[in-house]
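The next part holds the structures, each set out as structure tokens.
You will see two complexes here that share chain A, one where it goes with chain B and one where it goes with chain C.
Up next, the complex of A and B:
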């Protein structure tokens, strides 16, 4: 069984309402870096909450490391395995001093003092905030607050973190800070990272992208595969990165250029090659 | 060119006389031209939102003057209500401020408080909801049944219905999907083009600013760091990076192409224009 597995999952917030999740089967392997994209109201945040057991499916089942999220006895074990970072940094900090905020979860786990100290220091180091340990949380920038929120989850030593639009309220530098933290957690610490985002430039950093529409998964693949299908994405109100769109439009106009280009540097390489080839042919 | 709003020697200082004294804004001098869209960009904590709250007199500067079409808005503090209907302010995440039973009555709240007659209110609600992309059907619903993107539209329509001369929006498109962003920003631009309203938009999205703004004001550490036309600002990549900002992705591509001697022009901010430039470069080689 995969680390996270959803089997025929459906969900509605109340029986009278329409289903928000409409039949999802999904496997997420341990140590993977997955990005979920989709327009507002497509059900991606709901799915994220289902995956960490904050919400329970109306139909079907979700397993985290083999444990059914509907199993009440396992609720705490599942929360320890799978943490979540939300959109608004101001809603997630509970203490007025950075290190106290990070200690909140391990204190609640009833861990001994030394162990808490160790975990707090390690978590601070991971998000590169050690020098802010004694600072007041309310004086930090948005990006710094989000990093503290991440550290708070790291202190619980989860195996998976779900980021629900965790960069939406940040400036470009704050966004870069969080994305590089995600990458580090995944590549260096082997943590499973699931990120929900509207920023396509962020989604391309993942190893796998899942596209949702009307509570269903409509595409699932590598960033190159997903962003090659520009029209399909546009049909579900999504955009592609600017350079991807540019290359797609040029290709459609008859220029022999590859699809699924995601980064400015790659686009520059491809255009350079194309122009060279052309001047040789002339 | 007339300026809708002008800021003269503005400073805002929090905690004056205490050890926590902090200048949120420091000697700001700037202006917002009438009938144009000015984009405000800057890192978190650079003072953008503090600046926005000064523009309709929501907060008072410690020093300096805010001029609305040449008049100091603090000259007659008792008439501030009038100023607030002339300068509309849409906060970050305005959907949290919806309160009424139906979308229609929520949007009517502002014009009602202005003491307008019922038929005028109706007309304004209809107009504002059209520009914000809300249908007749949605007007009858409870705002709390709507999706996040639609709630946002309701909140913006509520301010638009007051038909302010200046509309200040703090991150109007944050958290919306690409189509939602386009609809809201496009709708506002269209409204501005018809009614000559002055728009001031705060955003973290360089792509959105490049697509919609006429002028850009760049804030850094409580000061005006740069100000000018879109091209003028995005030409200065290094300076933007220093202010913890970024360039649109497409502009980065053209800077790289220029480095490699493949393309001359680097003031490219939109995909449509980029396509023309590449085609030109390919055919000219």
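Up next, the complex of A and C:
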């Protein structure tokens, strides 16, 4: 069984309302870096909450490390394994002082004091906020607050972190900080990272992208595969990264260029090669 | 508009009062309140005044700060003094008699006593608690001091948690209020003109969005707390453990003795004190 597994999951906030999640089967392996994209209201945030066990599916089941999220006895263990960072940094900080906020989760786990201290220091170091340990949380910038929120989850030592549009309310600098933190958690610490976003440049960083529309998964693959299908993404009102769109338009105009280019430097290389080839042919 | 909020104003420092265990301070606070309210005779009042002076001195809080904190209370202080001065009916001839205004000697005494008592209460409690205890220390101390009540199912932990979260969200909500005010001003809302009723009505477009957003924040915060394994106070440990040492106990015993002394001093007259001293020597 995979680390996270969803089997025929459906979900509606109340029986009278339309289903927000409409039959999802999904497997996420341990240590993977997955990005879930989709336009507003496609159910991606709801899916994130289902994966962490904050919401329970109306139909079907979700397993985290083999434990059913509907199993109340396991709720605690599931939350310990799978942390979640939310959109608004202000609404997830519990304490007024940075280190006390980070200590919140280990305090809840009932760990001894020395262990809490160790975890708080380690989490602060991971998000590079050690010098802010004693600061008041409300005086930090958005990006810093969000890093504290990540540290607060890290102190729980989870195996997986779900970022629910964690960069949506940040400025470009803050966004960069968080994306680089996500990458570090995944590549260096081997953590499973699931990020929900509508910034395509962020989704590109993942190893796997899942595209959602109307509560269903419509595409699932590597960034190259997903962004090769520009028309399909546009049909569900999603944009592709600018570089990818440029290459797509060039190709449409009859230039023989490969699809699924995601980074500006790659595009430059490809165009350079193409130009060389052209001049050799002439 | 909301820049001058002084609620829970904490002045970081390293004075004796800053270093005292907040739980001990809470107990001392109760004793202090009793002491100030009970002091009736001149001797007792002088003792309580001297003790208040001592608290202010060891708190290390600057005098100008203290004056500023007492400023909003000037009206209340003046009002009580005046009421006591004019409406106390004492024995014997009034000192001043002018139409219906009669001032007795006991009236002056009451006014001065009341003024000093209120001033002591305000300054003493602020240097003892608000100026020298961080809000978090305070909530932790309240939880710890009230913890015996858990046995009779009083939700002490929940109460302390709510208090600390409320304190945590004060700056956030102030910021939000300012944003809403700006947003409503940009839509030509007028908060400054008109009579009192009109101005109160003008607050509605500020309060409603503020409430709505506070409720939304609360929902999100609850999710975030649950995600971090919050499940009430049971089995919870703390990063910071409160410790009381010898100086805290000495402080506590001293204050207890002073409080007891005030009870006795209330019954003594000057001549008795002089006689008592003469007996000793």
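Basically, the second predicted complex is superposed on the first by the 282 of 282 C-alpha atoms of A that agree within 3 Å, B and C clash if a C-alpha of one lies under 4 Å from a C-alpha of the other, contacts with A are read in each partner's own complex, and residues count from 1 in each chain.
Everything below uses one rule, namely that a residue touches a chain if its C-beta (ideal position, glycine included) is under 8 Å from a C-beta of that chain, and two chains touch if they have at least 3 such contacts.
These figures come from a predicted structure and were not determined experimentally.
After overlaying the two complexes on the shared chain, residue contacts for A:214 are found with neither chain B nor chain C. In the superposition on chain A, A:135 makes contact with neither chain B nor chain C. When the two structures are aligned on the shared chain, A:108 is found in touch with chain C, with no touch to chain B.
Applying the stated contact rule after C-alpha superposition, one finds that A:279 touches chain B and leaves chain C untouched. Touch criterion met: A:271 reaches chain B, while chain C stays clear of it.
Using the contact criterion defined above for the overlaid structures, shared-chain residue A:86 touches chain C, although it does not reach chain B.
Chain C contributes residues 135-136, 164-165, 167-168, 171-172, 175, 217, 220-221, 223-231, 235-241 to its touches with chain A in the complex. The touching residues of chain A, when paired with chain C in their complex, are 49, 52, 54, 76, 79-80, 83-84, 86, 88, 90-97, 99-100, 103-113, 116-117, 120, 136-138, 149, 152-153, 156. The touching residues of chain A, counted against chain B in their complex, run 38-41, 87, 141-143, 165, 168-175, 198, 200-201, 237-239, 241-243, 245-246, 249-250, 253, 255, 264-265, 267-268, 271-272, 274-275, 278-279.
Of all residues in chain B, those touching chain A in their complex are 42-45, 92, 147-149, 171, 174-180, 204, 206-207, 244-246, 248-250, 252-253, 256-257, 260, 262, 271, 274-275, 278-279, 281-282, 285.
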